[in-house]
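In the two complexes below, chain A is the common chain; its partner is chain B in one and chain C in the other.
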Partner chain A sequence: MYAQMVDTGTRVAGNELDAAEVRFQKRIDDGIRVEPQDWMPDRYRKTLIRQISQHAHSEIVGQLPEGNWITRAPSLKRKAILLAKVQDEAGHGLYLYSAAETLGISRDQMVDDLHSGKAKYSSIFNYPTLTWADVGAIGWLVDGSAIMNQIPLCRCSYGPYSRAMIRVCKEEAFHMRQGYDMLMSLCRGTPEQKQMAQDALNRWWWPSLMMFGPPDADSVHSEQSKQWKIKLFTNDELRQKMVDQTVPQAEYLGLTIPDADLKWNAERGHYDYGAIDWEEFYNVVKGNGPCNRERIATRKKAWDDGEWFREALVAHADKKSKSKLQAAA
Partner chain B sequence: MKSEWALWEIFIRSQHGLAHRHVGSLHAPDAEMAINNARDVYTRRNEGVSIWVVKSIDIAASSPDDKAPLFDPANSKVYRHPTFFPMPEEVKGL
Partner chain C sequence: MSNKNDTYAYLLRLGDNALVLSQRLGEWCGKGPALEEDMALTNVALDLLGQARLWLSYAAELAGDGADEDSLAYLRDADQFRNVLLLEQPNGNYADTVVRQFFFDAWHALALQQLRVSQDPRIAEIADKALKEVNYHLRRSSDLVVRLGDGTEISRNRMQAAVDHLWPYSGEMFDADGVDLAAAAAGYGFDPSGLRTEWLAYVREVLEEGTLKLPSPEAWMQKGGKQGRHTEHLSRMLSEMQILQRSHPGATW
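Then we have the complex of A and B:
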């Protein structure tokens, strides 16, 4: 997902939960939201900082693959829509950074951690956008998967995170639809345009399934996160939902999902799907995906190039407050 | 230069004449930029007609530890709600 394999810290074996932790867990079980000033276990705080900042970084880095196409959109209408979509992602990053800051980490620290490679962002944004159809595939599959993960998070136990998710979810529906709308146009167009859409689906399908994170059997931290209600469904549950929802949508477009093992399982009431290449996933997470280096380099350059402007804003603000003081004297 | 911009809390009045409501926070070097940024971050879909920005450090908040002394006294005063007084069905306008 936008936050993958979030470490929940280690609890010393055999260590009983102390009284405060028991009370904390009881409040969570009762559905009472945790707010910034409330007492919380250190591991809960640290896990959430990792999860929310990773999510924020994903929104910010997630602007890059699509931002690539703003100047090359095929019409003014598509360009305006894409611009609005990418701007929303910047907003999502900001809501989430703010939520993480309520846990006691500074914005500068988070930005530093992203740029130094210490903090992660979603594996999905390390794949290239080779054609215009990729922008449609991202909206449809990537934002579609994000919605699936984020709607339950609107009910998560940490107040600021859940409120940020509510805002984000309201905006994501537009992202998914504009992507699908773009693919509908391509699929109703020339054979070459339809082929372009099929090619995008071929390349984005598997990375989109990987985005939900490792299979449940290998997800060591899921149990704790579920107990804390900062993860409400397992990786495999969400992945299955995504497959079930997407197959009919692909059929409507007349596109073929690139999985020979994909078939309806009447007994389970779900689609069965083929094996995922987890080696590829771990490789991308380790920093060796097709675009990992380029993404961070682009982020850093934007940050560095903006430095003079950030400084100018501060200088201007200082000058104004000084002249105000003088006028008052 | 490594000084983080101040944190501002953002309040928006929606279209419907309601009170300004807290929507979130953001960083900005001064109030003017905080308003500009709030416009971009929190009102991209006509969410508001007016913006207030307040420096986070200027907000005084009640402590979670005071929750009981502050708010429990209201629990026993059910007569403050109109539903406390059952009214005869046949009498109108109450």
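Then we have the complex of A and C:
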């Protein structure tokens, strides 16, 4: 998902939990939200910092693939929708950085960690947007998957994170509808436009499934996160939901999902789908995706080029507060 | 009374100014110097894009022949664009972007105040809506000019260099030609030369507060954008902006 493979630290067996941790877990089990001033185990704090900052970085880096088409949007209406969408993602980044800051890390530290490669962001944003249809495919599949993951997080145990998710989810639902609508126009358009849409689905389908993270059997940290209620469904559960939701939507568009093994399984009441290339996923996570270097280089350049700007604003504010002090003296 | 062709030409100027600047600002989206600044700048880009659509839709109605906001934005060549040269100048560093915005906002607010009382009710209505947005744009860009001018030595130097560099493009906004004079005479527009004194006074005041120097008002000024003679930058900008409409003629998006 936007936060993939979040490390929860070393697992402590139940009988080794000290009394405070037992009380903490009891409160979570009782559905009481954890707030910033409350005591919390160090591992819970660190895990959440990793998870929320990874989510925030995904929103920020996620601006880039779609931002790539703002200057080329094919109508003024679509341009306005896309500008507003990319701006929303920046807003999501902002709420999430603020939520993470309540856990005692600064935004500058998180940004440094992103630029140094210490912090991760979602693997999905390391794929290129090659045509206009990719903008639609991202809205439909990527924002669509994000909602699936984030709606349960609206009920997660950490108060500031759950509240941020409630605001974010409303906007993500818009993004998904807009993306689908964009593809609908292409699918009802010329043969070239329809081909563009099909090609986008071909390229984004598998990365979108990978976005939910490794299969449950390989997800070492899931159990602890579930217990803490900062992860409410497993990767495979969410992935299945996404497939089940998306297949009829693709049919309605008249597009073919690029998976020969995809078929309805009446017994399970779900779609079966083909094998995911996990080797590709782990490589993208490791930095070998088609755009990893480019994405981080773009963010770093924006940050470095903006340094004089940020310093100037601080210097100006200092001058103003000094002259205020002098006036008061 | 007003002649349809003159009004059309006049509306294109208003629409193209907003469209071309919005297009430039869109280039920054996701790459601004700070997250909050990125979002604020995108707001300005969205406002201007909205204004461009209103002006161009009105122009298209007057043109008839099936024109709409998109055919005007996407199917005209550079020599048919009527924006001032200032707005097509590249983003440069962020100081260039701020100063370009400030020079234009200061003019834009004055211009919309005139257009709010246009005898063409549609123009008056669009201007009234736009002015609310542009008052905010002007407050924002003026504030940035002061803070970046009176910030660090580096920021002051960058801002002064941007002011000096963009100054020769500031005069065109006040240069009245036949289209402007026809608009002023018919009462749906105004004579832009009448705005220069007030603009200069305001710009001087803000620059001084930001410890920046106003270049000579007597300096030679570049012009031609309003008549369709542009700098080299516009056709490159349009080739990017128009690519999909041009390569898929007649498609709906």
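Operating definition for what follows: the second predicted complex is superposed on the first by the 320 of 329 C-alpha atoms of A that agree within 3 Å, B and C clash if a C-alpha of one lies under 4 Å from a C-alpha of the other, contacts with A are read in each partner's own complex, and residues count from 1 in each chain.
As a working rule, a contact is a pair of C-beta atoms (placed from the backbone, for glycine too) under 8 Å apart; a residue touches a chain by one contact, two chains touch by 3 or more.
Keep in mind that this is a model prediction, so the values were computed, not measured.
By the document's definition of touching, both partners, chain B and chain C, reach A:Leu313. By the touch criterion defined above, A:Leu76 reaches chain C but does not reach chain B. By the touch criterion stated above, A:Asp108 is placed in contact with chain B alone, chain C being left untouched. In the superposition on chain A, A:Val247 contacts neither chain B nor chain C.
Contacts of A:Ile147 after superposition: neither chain B nor chain C is touched.
In the superposition on chain A, contact of A:Ala302 is made with chain C only, not with chain B. Shared-chain residue A:Gln63: touches chain C; no touch with chain B. Between chain B and chain C, it is C that contacts the larger number of residues in chain A.
Of the two partner chains placed by the overlay, neither chain B nor chain C lies in contact with A:Leu262. When the two complexes are overlaid on their common chain A, residue A:Ser98 makes contact with chain B while staying clear of chain C.
Comparing the two complexes, residues 84, 87, 91, 94, 311, 313, 316-317 of chain A contact chain B in one case and chain C in the other. Chain C meets chain A in the complex at residues 19, 23, 26-27, 29-39, 42-43, 45-46, 49-50, 52-53, 56, 69-70, 73-74, 93-94, 146-148, 150-152, 154-155, 158, 240-241, 243-245, 248, 250-253.
Against chain B, in their complex, chain A makes its touches with residues 35, 37-39, 84, 87-88, 91, 94-95, 98, 101, 106-108, 163-164, 167, 171, 311, 313-314, 316-317, 320-321.
Taken together, the chain B residues at the contact with chain A in this complex read 1-5, 7, 24-27, 29-30, 32-33, 40-41, 44-45, 61, 63-64. Touching chain C in their complex are the following residues of chain A: 60, 63-64, 67, 70-80, 83-84, 86-87, 90-91, 93-94, 97, 132, 182, 185-186, 188-190, 192-193, 298, 301-302, 305-313, 315-317, 319.
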